[in-house]
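Note that the chains take the letters A, B, C and D in the order they are written out, and that residue 1 is the start of every chain.
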Amino acid sequence: MPLNPEQQAEIDELRATPQPTLRAVSEGMEAHLYKAYDVLDHGFIRVIDYMGDDAAITQAARVSYGKGTKSVQNDEGLIRYLMRHWHSTPFEMCEIKLHVKLPVFVARQWIRHRTANVNEYSARYSILDREFYIPSPEHLAAQSEINNQGRGAALQGAEAAQVLEILKTDSNRAYDNYEQMISEDGQAGLARELARMNLPANIYTQWYWKVDLHNLFHFLRLRADSHAQYEIRVYADAICKVVADWVPAAYAAFEDYRMGGVNLSGKGVDCLKRMLAGETVTQETSGMSKGEWREFRALLDD
Amino acid sequence: MPLNPEQQAEIDELRATPQPTLRAVSEGMEAHLYKAYDVLDHGFIRVIDYMGDDAAITQAARVSYGKGTKSVQNDEGLIRYLMRHWHSTPFEMCEIKLHVKLPVFVARQWIRHRTANVNEYSARYSILDREFYIPSPEHLAAQSEINNQGRGAALQGAEAAQVLEILKTDSNRAYDNYEQMISEDGQAGLARELARMNLPANIYTQWYWKVDLHNLFHFLRLRADSHAQYEIRVYADAICKVVADWVPAAYAAFEDYRMGGVNLSGKGVDCLKRMLAGETVTQETSGMSKGEWREFRALLDD
Amino acid sequence: MPLNPEQQAEIDELRATPQPTLRAVSEGMEAHLYKAYDVLDHGFIRVIDYMGDDAAITQAARVSYGKGTKSVQNDEGLIRYLMRHWHSTPFEMCEIKLHVKLPVFVARQWIRHRTANVNEYSARYSILDREFYIPSPEHLAAQSEINNQGRGAALQGAEAAQVLEILKTDSNRAYDNYEQMISEDGQAGLARELARMNLPANIYTQWYWKVDLHNLFHFLRLRADSHAQYEIRVYADAICKVVADWVPAAYAAFEDYRMGGVNLSGKGVDCLKRMLAGETVTQETSGMSKGEWREFRALLDD
Amino acid sequence: MPLNPEQQAEIDELRATPQPTLRAVSEGMEAHLYKAYDVLDHGFIRVIDYMGDDAAITQAARVSYGKGTKSVQNDEGLIRYLMRHWHSTPFEMCEIKLHVKLPVFVARQWIRHRTANVNEYSARYSILDREFYIPSPEHLAAQSEINNQGRGAALQGAEAAQVLEILKTDSNRAYDNYEQMISEDGQAGLARELARMNLPANIYTQWYWKVDLHNLFHFLRLRADSHAQYEIRVYADAICKVVADWVPAAYAAFEDYRMGGVNLSGKGVDCLKRMLAGETVTQETSGMSKGEWREFRALLDD
């Protein structure tokens, strides 16, 4: 369980005290505020704050004095138009702030998305908790045989058991030794900024992460994708759920144009036209490499 | 007057409808929301939205579950510490969205601040209004004689009158011709995206501008500075007033450490130490160039 | 002619003095260095410097100690793979620095691309030249009747003549008055930072613009597109030519996947599958709006 | 030793093949290209590429057609002026690309500097080497007693020995188990993207890191500072050495105004003026908190 009673009490207190505001309010998002949604075995995401709603996107696109929206239907059409034509700046007018608890190796992928604001729990200043990500058996996957950067089927039997045993034992030993090294009981105690180096990448860290909606969509497109590593994808999936309630029209457009959409190369478009004209196109006649052809066929077949 | 009655009515409507929220609320900022504060002869700034308050800064710095603030005094001390030691990320956790109406030549300086989100009124799509910045006589300054990039005293008499006459006449003629070129009355009508090229840089444009507090402080430090061009400084000054009400502790720290603070070079520090030890230091013995020495003395004398 | 003899002599001098370097050298790019390629009536682009070549992209992708390339063919395949799968960071490892002379209204579109470095000629500090963009007759387009943000056919006869007359006359009058206002002959002279406000948006400015290859490709995809305004598209086209010689493999991948490629929505993919299965799909049965359907058909028909 | 013979041969090959270029060349930097400078026990920095030199800074500031430099002395004066007045864009016109090998816990601090381009060795795709940072005894520091985020004196005797023993043993066991889990010898083999989670934060990673000179100076100011963690400071120190040879004038200005310079608050300036006027100022009469006063005194006393 990721939260202790004291933390839960702090969250409950925040949810108990609505205040009046003149700002745009997303009722769908208010229902999520501060709540911790579990991800992996000890992680979570929590919405700490947000700015804007669907109407804020069209209001900015129109640079208007008032709400900038005459009808919900018009707004949805405009949002779809903006998404389809890669107008990014109106989506940047919404902002979200999350509190995320996540394993360090997930954090290292996440931080590559540079257009965001981050405050991470400091292991120079503070002592980390004894919390490590141990995969559930069904996610203990073998190395993929066809893709260097991918997973195959779940490990079975003794191999799976041994891996779990290694991960648990090494994590705990590393943490025992971390505690031993920083202990000031009968010794000076190693500096925290040094002791942390003994901790493995499955230890949990946490941070505040703030990002605008355009850059969040970019993050979600890459990280909620089926090729993303499972352990970051589950965070992206959890975020998708709150975004769908926050800005329903923008999220629907994102789903249709980005998550459900595809990119075709010029060669791909040529092949399609020939196929629609009745020609049978093969990899040999496509002008594509084998890898490209396989990916092209997958778009049309799956 | 920058707003017409319809625009004012839209603003009044937005201010009339408070809604409950669970988010952090800055009461000082709520009082400013949507109101247009006049700047120059036709411009304004208006706060459209904001995220966070003083407590949000320390909450992020501490990566806490609740409000992250035990006492206002502790928060102020922490905010001053963060500002003094150039910790930028906690200040990035607050965000503001402004609607600004400003002359194009001011907009071109403003947009150099890249870490911000902008949606500008489109002169490709829409027709611009006949509104031009005409300086008031006291701001009709002569070229500085000592600084290529500066102003001297206000122009006087016939020269001032002639300049005002030129600015008004040329602006209006340019706009007359803009209207004439795009007119579809008895002719095809020039494309708006082309016709706009006839309009001078004192025409007003407007945009939505969203920025985090850290980058806003950077903008304000440069643009509210006495060396900034007067026409952008008045915008920065107007923004300072709302920021002071939004995040009073952060703004006070900003005033002390950034606006009121100074940067000394290593040579400057050496000189100071010698001066405090009783030595009389001159430009010749300072190791500084004449320009540096003049600026160094100005810090201590003004 | 954009360059005066003195400027041309400075460029010739730079091109006359090769020096040895151990860095990656792109021979295709060396041929372009410093040369001014004319754009519009007074503008140009010039490559001032560059970093990296095709091999630098794969070298970074592989984090290798040497050149990181065993064969040109492997490099091309990897570059195509990286482009196809939206790996942006290896393309960021190449950098280009341009000197661009361009009308102010083009500069204002250009500067919206924020991830770049810019030093612009300062009209606060210096006096601008009397150079204005006057469209050639074939580019003097009417407002589009179907697209608020577009152009129709070229203006004809008396209307075209009148527009050209207005643009020329207003530009010159504005400049005459600019000169008059800043003149210190018998008067104080208005500050340059103020006088510039009288100049229209077709006056030329110039800047140094530095950008990495990933962000340059993003710029080119939007600005070399057929929907971009003609006056910025010709700059993008000129840049495309030098990039094609600088990083031929990366540019070929960009052309196939970005410029020649298309994005389909989830609805679009569904329709395609039905069409490939022999179904006749119409707008009514497509699930798309009329605008989306028109754009979808255009992808397959053009 | 960080490099194996094959890697060294690749570097030697690159250094053996100068080619002519028309670009700006920094002779001081050419001497450093590709060479690996040792940092910590297994790390290094290597310059892979660079763009620009001191003259490129002033050339961009002047937006000039040629080299933009009439005399070295003028260039130095202009560079000092630009640095003193926080003109950042001319310094952004120089760029450097480094190959860095560094412990993961250092990489996690480093990556917080977002305005840079990074390609990191992928532990999803590849197998990491058995290389761990083990501090030398003199850098095995105790936790600071006065600063939560700092170090005290080096550990002594049995405590130091035990810490070293823990770090070595845990690292090696973690790596043994990493190898065991990914082994495909008689078992499926755990996916690399999962197995890496068992590795501690003192394992070495490597990346290509590209940054402009302005942002590099910002990095160096924070990371070459005496308050930075020792393990990242040594990287910053190594980079300082090559930058000093690359752009000597800019680096000298950086040293004087940033590294050797100080920031005083408005209160600090007030106190200084009073002290220069002969008054004895104490913390009580300074208006500063105890912490601020201690830091203020340290500036003047050290």
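The rule is simple: a residue touches a chain if its C-beta (ideal position, glycine included) is under 8 Å from a C-beta of that chain, and two chains touch if they have at least 3 such contacts.
Values in this document were obtained by computation on a predicted structure and should not be read as measured data.
Trainee: Which chains does chain C share as contact partners with chain D?
Mentor: A, B
Trainee: At the chain B/chain D interface, shared numbers over all numbers used: above half (same) or below half (different)?
Mentor: Same: most residue numbers at the chain B-chain D interface appear in both copies.
Trainee: Chain A and chain B are the same sequence; what rotation (0 to 180°, nearest 5) superposes their CA atoms?
Mentor: The superposition gives an angle of 180 degrees.
Trainee: For chain A and chain B, let me know how many angstrom lie between their CA-based centres, rounded off.
Mentor: Measuring from centre to centre gives 35 Å for this pair.
Trainee: List the centre-to-centre spacing of chain B and chain D in whole Å, with centres computed as mean CA coordinates.
Mentor: Each chain reduced to its C-alpha mean, chain B and chain D end up 33 Å apart.
Trainee: Between chain A and chain D, what distance separates the C-alpha centroids? Give it in angstrom.
Mentor: Centres of chain A and chain D (C-alpha means) sit 29 Å apart.
Trainee: Hey, what residues on chain A touch two or more of the other chains?
Mentor: Residue numbers touching two or more other chains: 89, 112, 118.
Trainee: Examine which chains touch each other and state the graph shape they make (line, ring, star, complete, other).
Mentor: It is complete, because no pair of chains fails to touch.
Trainee: In the complex, go through chain B and note every residue touching chain C.
Mentor: For chain B paired with chain C, touching residues are 103-105, 108, 111-112, 114-115, 118, 122, 124-126, 133, 135, 140-144, 148-153, 155-156, 159, 162-163, 166-167, 170-171, 173-174, 177, 180-182, 184, 187-194, 196-202, 229.
Trainee: Can you check the complex and tell me which residues of chain A touch chain B?
Mentor: The contact residues of chain A facing chain B are 3, 7, 10-11, 13-15, 17-25, 30, 33-34, 48-52, 56, 59-61, 63-67, 89-90, 92-93, 95, 97, 99, 117-121, 206-208, 210, 212.
Trainee: Looking at the complex, which residues from chain B come into contact with chain D?
Mentor: 77, 80-81, 84, 86, 89, 112, 222, 255-257, 259-269, 272-273, 275-276, 289, 291-292, 295, 299-300
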